[in-house]
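Below, chain A partners chain B and then partners chain C, in two separate complexes.
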Partner chain A sequence: MTDYTVSSARMEFDKFIIPTVTIFILALLFFFMMFPLWMILKLSFFEGGELALANFTLSNFKQYFTTAYTLRSLWHSLYVSGVTTVIVTIIIFFFAYALTRTTIANKTFFRNIIMLPLVAPSIVQALALIYLFGRNGLITSHLFQTDWNIYGATGIIVSEVLYCLPHAFVILFTTLSAVDIRLDEAAESLGASPFKVFTRITLPSAKYGIISAAALTFNLTITDFGNPVVIGGNYSVLATEIYAQVTNLYRFDLGATISIILLVPSLGAFMLNYYISRKSFSMISGAARPFIPPTRRLKKILYSVYCYLIAFSIIMIFTTVIIGSFVKVWPYDWTLTLAHYSFPSIGGYSAIWTSVWISLIVGVVGSFITLVAAYAMETRQPYFKQVVYFFSVMPAAIPGLVMGLGYILAFNKPYYWFYGTPWIIVINIVICNFTLGILSSVSNLKNIDPSIEEASISLGGDTLSTFFKIIFPLSRVAFIQNFTYFFMRSMTTISAVIFLVSATVHLAAIEIIMLDNDGWTASANAMCTCIIVIVFVMLGILHLVNKWAGKTPSTEMVSG
Partner chain B sequence: MKKLSTVFVLIAVSLMFLTGPVMAKDTVVIYTSLENEEVVEYIKQAKVELPDLSIEAIRLSTGELGARMLAEKNNPQADLVWGWAVTNMEEFVPKKMIKPYKPAGWDKIPAHFKDPNGYWTAIDLYAAAFVVNEKVMEQKKLPVPKGWNDLLNPIYKDMLIMPNPASSGTGFLQVASLLEMLDPDYKSKPVEDNKAWDFLKQLDKNMGQYIKSGSKPAKLTAAGEYGIGCSFAFVYASLKKKGFPVIMVLPEEGAGFELEANALLEGAKHEAAAKKFLDWAISKSAMEGYAKFKLGVSYPGIQGPKDMPPLDTIKLAPMDFPWQSKNRAKILEVWSNLFLR
Partner chain C sequence: MSKNLVLKNISKSFGSLIAVDNVNLTVAPGEFVCFLGPSGCGKTTLLRIITGFEFQTSGDISYGDKNLNNVIPQKRDFGIVFQSYALFPNMTVSQNIAFGLTMRKMPQNLLNKRVDEMLELMGLTEWKAHYPSQLSGGQQQRVALARAIAIKPNVLLLDEPLSALDAKIRVRLRAVIKRLQHELGITMIYVTHDQEEALSMADRVVVMREGQLRQVGSPWEIYKHPKTSFIAEFVGTSNFYEGHIKDSHVIYGKYSFEVSEIDKVDSEKIYLAIRPEDIEIVGTTIASDECVASNIVEVRTELVTFLGAVVSITVNLEGKEMIVDIAQKEFAKKPVKEKESLYLYFPPDAFHVYSEIFKKLI
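So, the complex of A and B:
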């Protein structure tokens, strides 16, 4: 009898916990994402940001669209992002094709190299390109002695291409490995020419992946701040114009207005991606991947050369930055020195440690919250599932700089105690990167056999103990993956937090921008190198942890 | 479960680090626009001479700092601003963001280096200067310019670099000095009609780039990216010391200059500590620290660095700070419309 009452109380508690968690997640997203966005919207449409009918105004938008130099940033952004998108999609398509459909050697090497840009802030490309192709670049000025240089649109496009490669690769690699290769074989054996097979079978079967990769690249490029600010020269794009309006002219209202203008294309690209990726999931068949037929010799050589070229470009970027941080005066004096590692800035090494601690916390908090949210959303099917899902994936559409500006506008009040502390940075980074955490947690949970959970519940486990004793241990590999992702993002993010660093909190990635701004390029390279090394050390540690976590027998229960 | 507890231990440890060690000292939060390179040294000195203060500081460009303070107007995060352009400071006085305070030793500072009501006290004067890369000039067989007028010569096409006046205080003082020198009637006419804009349009034809910060033109020139960087005097000294092939030219028409001043911020959370710091910041020993970098400090009788000409031998442009600060927004608007591409 007593047993019965206990478990009924338990049931009551169970009914209560999932809605609570759901509401908590929703509240979190509303308060830390929608509320700052709302402040931006208000400031751009209402005089002085005061919500009242009499204050409604379109004058900010009018000023933006009628001032030649501000309007130019919109065309610049669209041009740069458009060109980058086309280039990245083409490059990565053939790269992923080579890795999935041909029998070239060293595939693991290529797969690892293409992911390399993820370990550094989106500024490393620009720094390296200036050293190589700047006005006094090693290649432009010293090898070819030409006056041509890379500053401006070309520089932004090249650096963004190199920055977007891994992101587009993940999508196209998945698509091309999932599409059934037997279709190609069938067409070929029916007598179609290789060209025809490619245009009629291979391309159409990968179209969702291609569009999705293109949309993601467009979004990443148009919202990026680090590369354009370093290599853009006088070429302004929307992201840099927001920063310029706010910091140079104190025009917060115009900054908010440009934020809204930037939100339109980035939200558009995101919605396209969102729509496409839902469709493309259904294309992926669980059929076992058949063996790839040996590639013809010439084709194999061409694809190998192609892959090596791309791998070489990425390696060159990283080696340039690392070597640049150790030589005395690039490219005049190649004496090795550690001088650039004594940073001429207030932040210095303390900024690196702050970044590491914040990233560890972001890693733990981020991966835990996204796991809980995914669990509440997926396994228990609460009423608001769709709503929660939509808001959870939305952060990917919001440019970091816009979010940062929104945070200043929303939380710079005496009663928000966390403003000016490291916490606002932790929250900001977790929210800005919520999307991927949620997506990977959801796909992981889908792989857990529901019967295990049912067994736990029928044996008397409540929601909490099921989560902590069954779901959490079974998700630990995904948890570690998410931790890695959040940690890397937190170490390397620039745009979201540039408005949030303060006298008490200096961050390494922001220090790079500041050092470069002041002309301490070699020290900026040195700081970049420090971040890269730290991320690699962390990846090494997590690799070991992963091995250890993967060894325990419980993972065998995970089906699929 | 073991792993779960590991996670919690991690969170707990991280929490400890975030809250920081228990503060026994008085904290003072400082905003500054002084160059990173110099301010690192000054802070080292301040920490020795003010052992009971825990100094938290951030260095941002003149514009970034202004935007920060404006955004935080109703919830100030900093206690004081240290070494910030007087032009910008004057703009903030009527906004009631600055609290008058006459630091100890205020009387020793000459009148033209301070606000009569004690809103701000200047610590130094920094002057615009061209930093020229000798190697580049030799290679291209170009003469070294003597002043602004020489820079209009088409032989310098794409060889020049100057800071964007909107983001850099140095860039602003260069433009302001030209507006005031080239048009004697600048006061009586609207900013957009100033004769100097024609000069700047000419100059624009030779300009390789307008860049965000004031010291970067000098540094990029030293690195050989440009031939002539419109920058300021003290960066030159530090580049020369590092062995770059650079020389300094003070424009013969008159070098524009700016005062860098300190002020107490309205709503400072640590007012007592801030006052202590402000007292130190105009003390003789602090000024001797500044003088290792600065062309001229406001404390009488302290000589600037050895490798720079003494202040009284330099022809300075007549700078009109009240006019500049009143018209700052307008000047930047006109400039942006003309020269931002």
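So, the complex of A and C:
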């Protein structure tokens, strides 16, 4: 009865698409994630990195743990991360509480400001703190003329706190918006004091969010490289120790060993966070935003002041770095100048352009490949769904610095043509940020009615047509969001790529460290400012694109 | 080109759950078959096996002389209409309808012609440039129908296509689907849990329960001769009474009824079923000799409910409730009041007898 039929050859071909894509994704993750990790493991546990029973050795670990000079980096890391975690969790809990449970004004402003740290490399905090509280700091030496300065543990902790705020905020804000406020009211109406309500109802009901935010903060702090390398001074942490061993002493084996040591707590924190957020996710899904009863006057004022203080700290970080890049000699000569923008290093503006086009490629490739991978996983007949899922979530658990070192060990061979080119950086950033990309793609695909895919198939649609004509267009908003994420991460990441820049490939975020290291602090600020501006410009463009793409057809047509 | 769709011993289990249990069915070309059954009885699963989206655990499915067991959905040439419409939100009405034709690489001029035909047929021409989100539910489902029949499918499969719509539109679309089926002679399999839909549309109704086909027949047959007590209750509704057989009569309490079907059951204990509308009202009084004639009983009315076209009277029969439906017109002639005595007549052929009763009724 059918006059034109679905081509049989096309359908034969179609059978291979999902398996091929799945194998390709798995191969990618194996080659660019598991293989580098394996090289690190090998180098730390085997003499000369040669895999043989006779070569097995724990001497690297023994050396690390018996040398006081290196061992302290572990204690430093644990101390700094522990303290940061406690501070961030407490600060953000009350901040999120203010934004979800009280009727303070300017909530949108606070929400935007708290997210600000995401647009800059995790070095901006350290740069600003040095300008304010450093040896020649505006506040320390200029205002109070004291010798005290912030270098060392204090500096790391303060900068990490300011860097981790947005990450922890997202989690606790979600948790606190979801927990039913009527519980609090019910308890209050039964005569419980506000303090009792808080400790007995509010805190316990947010416990998963609190643990999850704490675990994430710990993970972010212990794996961060940018802030400690700038403000740590002689106070070494695991991340800076890895870098020092590799770049200063050429001790790749010790670098690999410390990487393994770093992996243990960061992996633990990641797994705790992952486990907890899965658990709490089921609790908060589908909850409606409740009505918030008016907050008592005093409470409202206190919370407002609190939120303004935090917002002020973040704004101060950014203004310090930006102003610092435009004045002649901070904090002595406030004459405005553009001198710091003629970058003295070899990288200079070319580093910025390289960063921009690498980030554009990372944005497109990253969001596309995670969407394809998510589709292959969520399609009607997936292959190895659980395996793909497992390996897709893994990158988030691996510190960027460790992955970077793994890349050197794995790919620094003449036959890997991409080593030393921008392409290895593109691959590295995509892989390092694979997890969030795929998770958001999966949740987007889950919102598409499965019948839509079946409708396409029943009409003769093959995998490619279904994907390109239906799934992809329907995912465009999620695609743009993912692009934004990949672009931002690519512009601002330091630890993932610090080992991968070369004499010919420079990146803006890495240039900040190089400039700072060579004493060009103001230029480091200028470079940082450039990144911030570029990210903001891109966010503006994407906001417009998103508005255009998110518009449903119904708003642009009038029904007859 | 007339081919039968044949299901042979089709079973499907999900783990330990048997969703479809040994189904045998032949659907003739041009036939309109309805799968009717309560939610969870396996209708959708059976339909999905036919479409190829689900694979049977055992059994064979064939179309004409072609075995479909290993044929992918794309190659089955079956059109599907989903409850959720499943229109492509990013495509206009025309583009939606054209999708299947594009996949078949139909030349553009023929394609345009076919799309226009479909738009015309479904009364959608003025909406052709609209997106699904701009249409009402009823219009969207018409687009889904047009999209499915545009490819001239061998069989059109519809899974509760109307259950997301309001009652009025549902009735209108029923007529649209029925007309399509007549005009185009498409073989249709229509899944529903709504007995009215099944009875009014189908050539043949397949009543399903717990994954099994319990009765297959014309709507008339199913309604008039329900094979099991479940069907007697699920399709339409029935009053049920437990009794036993004595002297070729059914004894219920103090009554003894003459029942035409009495030989159908040989168990001692039996269940009697009678539909509310099959019961006749004799009057509030009777001539004394009439009572002797069997199957006339005196009852007390409890509740009279006016339902529009019919009036439903609840009476008490030996302590058990009985529903009697009479046409509003009849009622007007012989009104019945609450809490009074009433004589009813049970025609012997209106009774159905069953040796078992499905558990929900006890």
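Just so it is clear, the second predicted complex is superposed on the first by the 531 of 560 C-alpha atoms of A that agree within 3 Å, B and C clash if a C-alpha of one lies under 4 Å from a C-alpha of the other, contacts with A are read in each partner's own complex, and residues count from 1 in each chain.
Rule of thumb we're sticking to: a residue touches a chain if its C-beta (ideal position, glycine included) is under 8 Å from a C-beta of that chain, and two chains touch if they have at least 3 such contacts.
If you're wondering where the values come from, they're calculated on a predicted model, not measured in any experiment.
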| item | value |
| --- | --- |
| Per-residue touch tally on chain A - higher for chain B or for chain C | B |
| Which superposed partner A:134 touches (first chain B, second chain C, both, neither) | first |
| Partner chain(s) touched by A:519 [first = chain B, second = chain C, both, neither] | first |
| First (chain B), second (chain C), both or neither touched by A:454 | second |
| First (chain B), second (chain C), both or neither touched by A:191 | neither |
| Which superposed partner A:294 touches (first chain B, second chain C, both, neither) | neither |
| Interface residues of chain A shared between complexes with chain B and chain C | 469, 473 |
| Chain A partner contacts - residues on chain B that touch it in the complex | 1, 3-4, 7, 10-11, 14, 17-18, 29-31, 35-37, 39-40, 43, 56-59, 61, 63-64, 66-67, 70-72, 74-75, 77-78, 158, 164, 166-167, 208-213, 215-216, 218-220, 223-226, 243-244, 329, 332-333, 336-337, 340-341 |
| Residue ranges of chain C in contact with chain A within the complex | 1, 51, 53, 72-75, 77-80, 82-84, 86-91, 99-101, 103-106, 126-127, 129-131, 133-134, 144, 147-148, 151-154 |
| Contact set on chain A toward chain B in their complex | 67-69, 72, 134-136, 141, 147, 151, 229, 233-236, 244, 246-250, 252, 329-330, 332, 344-346, 348, 357, 360-361, 364-365, 368, 408-409, 412-414, 419-423, 468-469, 472-473, 476, 501-504, 506, 514-515, 517-521, 549 |
| Complex contacts: residues of chain A adjacent to chain C | 1-8, 11, 14-15, 380, 449, 451-452, 454-462, 465, 469-470, 473-474, 552-554, 557, 559-560 |
